[in-house]
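Chain naming follows the written order as A, B, C and D, and within any one chain the residues start at number 1.
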Amino acid sequence: MDFFDRLKAAAHDDWQSYVDHDFVRMMGEGTLPHDAFKAYLVQDYLFLIQFSRAYALAAYKGRTLQDIKAAQDTMAAILNEMNLHLRLCERWGLSAADVEATEEHNSNIAYTRYVLDCGMSGDLLDLHVALIPCVIGYGEIAKSLAPNGPDALGDHPYREWIGEYAGEGYLAAAAGARANLDRLAQRGVSDERFAELVKIFARASRLEAGFWQMGLDLGHEAKLA
Amino acid sequence: MDFFDRLKAAAHDDWQSYVDHDFVRMMGEGTLPHDAFKAYLVQDYLFLIQFSRAYALAAYKGRTLQDIKAAQDTMAAILNEMNLHLRLCERWGLSAADVEATEEHNSNIAYTRYVLDCGMSGDLLDLHVALIPCVIGYGEIAKSLAPNGPDALGDHPYREWIGEYAGEGYLAAAAGARANLDRLAQRGVSDERFAELVKIFARASRLEAGFWQMGLDLGHEAKLA
Amino acid sequence: MDFFDRLKAAAHDDWQSYVDHDFVRMMGEGTLPHDAFKAYLVQDYLFLIQFSRAYALAAYKGRTLQDIKAAQDTMAAILNEMNLHLRLCERWGLSAADVEATEEHNSNIAYTRYVLDCGMSGDLLDLHVALIPCVIGYGEIAKSLAPNGPDALGDHPYREWIGEYAGEGYLAAAAGARANLDRLAQRGVSDERFAELVKIFARASRLEAGFWQMGLDLGHEAKLA
Amino acid sequence: MDFFDRLKAAAHDDWQSYVDHDFVRMMGEGTLPHDAFKAYLVQDYLFLIQFSRAYALAAYKGRTLQDIKAAQDTMAAILNEMNLHLRLCERWGLSAADVEATEEHNSNIAYTRYVLDCGMSGDLLDLHVALIPCVIGYGEIAKSLAPNGPDALGDHPYREWIGEYAGEGYLAAAAGARANLDRLAQRGVSDERFAELVKIFARASRLEAGFWQMGLDLGHEAKLA
């Protein structure tokens, strides 16, 4: 059991509330309203801007050149991941400027600023524990929605999203983040410290669940409007 | 028009959504369900822990001994303000340990971590603009709910809360914070910079409105439970 | 052996270069030129401004109300310690404004900004390890210079300084900081992590030695001028 | 007069103490002892590790995606600049690991941690004002040492260093940093604020001068050893 698995086992219910959220299930079934997906994706783009700041923070906190370079590589990967969002948004008639002018939803603010504060007030391990539900969860979710691989998804409405996160590139990056977390945990984690980290992991998982719920709520509002 | 008034005028609707929130109106009329008030107050205690961290951040960011001392004085005032909360909570059978063990609500996380991030990523003016809706708004609200002074409130159910924030001690501290904001703004605020600060002020006001709404929602949940 | 003793043993030579510095020996013998002491004390006042920022940072990084309050208490103690400096400076005809207008020496900048950076880029333990050579060293030095207690110092020229740091108030605060360090280390310190912390402790000790050297150098320059 | 020129004019003597330092003059004449250059270059490599952290901090502090990307580009440029150092060090039989294991000199710590603290406690403008003497100064110095262009340097012993910083790539990056500083200053700089920024600029220039002096001192020590 690596460090990620220990955290997941210790915060099982919170983790499940995130990876088994209705939004995920409906996305898999293809029944997720398009408005919900669209609202989610726009917010996720804004989320990734803050996530790139979180990896900049990781670089700032690096103790070795190797740490700094690793964080910078992840920043570059995130900025690349955002092209998926812009490509989809442009297809819907939304420019990058439109997306960036959208107001961040409270659920988005809560999650991103919580991660940044964990990282600033704690150490690199706190920061990476706060980031990891997102990094690994998206891969796990996408793989579960494409059990036969992305190519077997046919004309699934959310094929592009699923394919991105079930793709080899993303999964390799997630595996790297998982190994890095394990390495940081080698620096020493007492039971008291583990309890603190579980609290961060559980909260970040719930904030991810809240992010999916925001998608459903915004989609519902858009339908009523 | 001092700097606070310029911000309030520029973000009028957001400010009104906060100071005129249903929670406030119902508290004034004495019709606010006790469960809503109680849930709010417990969260507000957790909020003040983070707020004391925000003033610690202000001390860290101080350029002069005077700045550092001023921030430290405010930290002390906040820790004092928290005694009101503990006194009320103890009356309801909640110890300080019970309150501190309560999970922070997402609306609480969103607001507090947003303020901390503004302060860490920006400068002292950004930090104080993010803090000011809370500091001045509570005084304005309390005064409007006690137009003839706290002593005329008789056996109003929320007399203690209103009395705290409409009291001379609190209002003097708020006036000091307002003057300090004005002083910081003298350091130079272009139109572009003012627009940024209005965005922070407007968002903080909406996050305050969200904090009241959280109180109503938690009160409703408690009633249903 | 508590955590402080483990650090001191692991960085023995660096620690000795600080507590056995010529400046210390000459202060004890009463042969330290007054200009050196004066230059040191003015810089030390500027140093304490940055040190109060470091404890503000500790408060910001607090995970519990108890941590936050403890850091705030230390901030208050530092601001109190600075009165010794102002009292002596005023006797020499230097006002607080004169002292605050003095340019920080590079050795002062190196030490204080290193501590602040350790604390910001690391966690609370990194911060306190960087602070502890100052906190405990001053007490050890003062006790060694007043083996029969401060009252036996007679008309020793540096009696006031020695008395401050060999006094019960200061020594109790230093013992508290030492216990706090031990408590933080309980959160888990692997061998790899211990090596990192020794590096910080050793460097902070050398930067303290550099601070004494600055006093001698500035005293020498003043004599030549 | 752009913002950089205003700062330089206001801190003329400090700027001159840096760009006209003996180290610079001796490097230009080719009389700088090789040991001094070598010691400087090893320290400069360690300096650039901290400088890449400073640009990571700039990315963290970015308010827009454009700001974040610009800072990340500079991080990449710095990591590239470090190859010059490694190339030269390897020629002298020093591996990257040897260089990274070298203890940072106090003058190095003073400068880098001062910049990081300016950036963390202030805003982006404070950070960039602290960084700019290095960024622009190196270009100005290198151009002055190669008045007829780097190609005319023949077998000058420091041709590679001069060529790097007098090269088009470096000068274009420096011009970009200069324009960025100007853009940030548009956000509003009162006279009081300008005085603060001049203080930072002046101090950073003196810390650069101290960095050259460190090179001469270390070279002298190496000769005596």
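Heads up, the rule we're going with is that a residue touches a chain if its C-beta (ideal position, glycine included) is under 8 Å from a C-beta of that chain, and two chains touch if they have at least 3 such contacts.
Just so it is clear, the structure is predicted and the values come from calculations on it, not from any experiment.
Annotation: the subunit A:subunit D pair of sequence copies touches via predominantly the same residues, more than half of the used numbers being shared.
Taking each chain's centre as the average of its CA atoms, subunit A and subunit D sit 37 Å apart. Per-chain CA centroids place subunit C at a distance of 31 Å from subunit D. Each of residues 53, 60, 120-121 in subunit B touches at least two other chains. Interchain contacts join each chain to each other chain, per the touch definition above. Considering their complex, residues 49, 52-53, 56-57, 59-60, 62, 64-65, 68-69, 71-72, 75-76, 79, 100 of subunit B touch subunit C.
Contact residues of subunit B toward subunit A in the complex are 53, 106-107, 109-110, 113-114, 116-117, 120-121, 203, 207, 210. Interface residues of subunit D facing subunit B in the complex, by the touch rule stated above, are 60-61, 63, 120-123, 126, 186-190, 192-193, 196.
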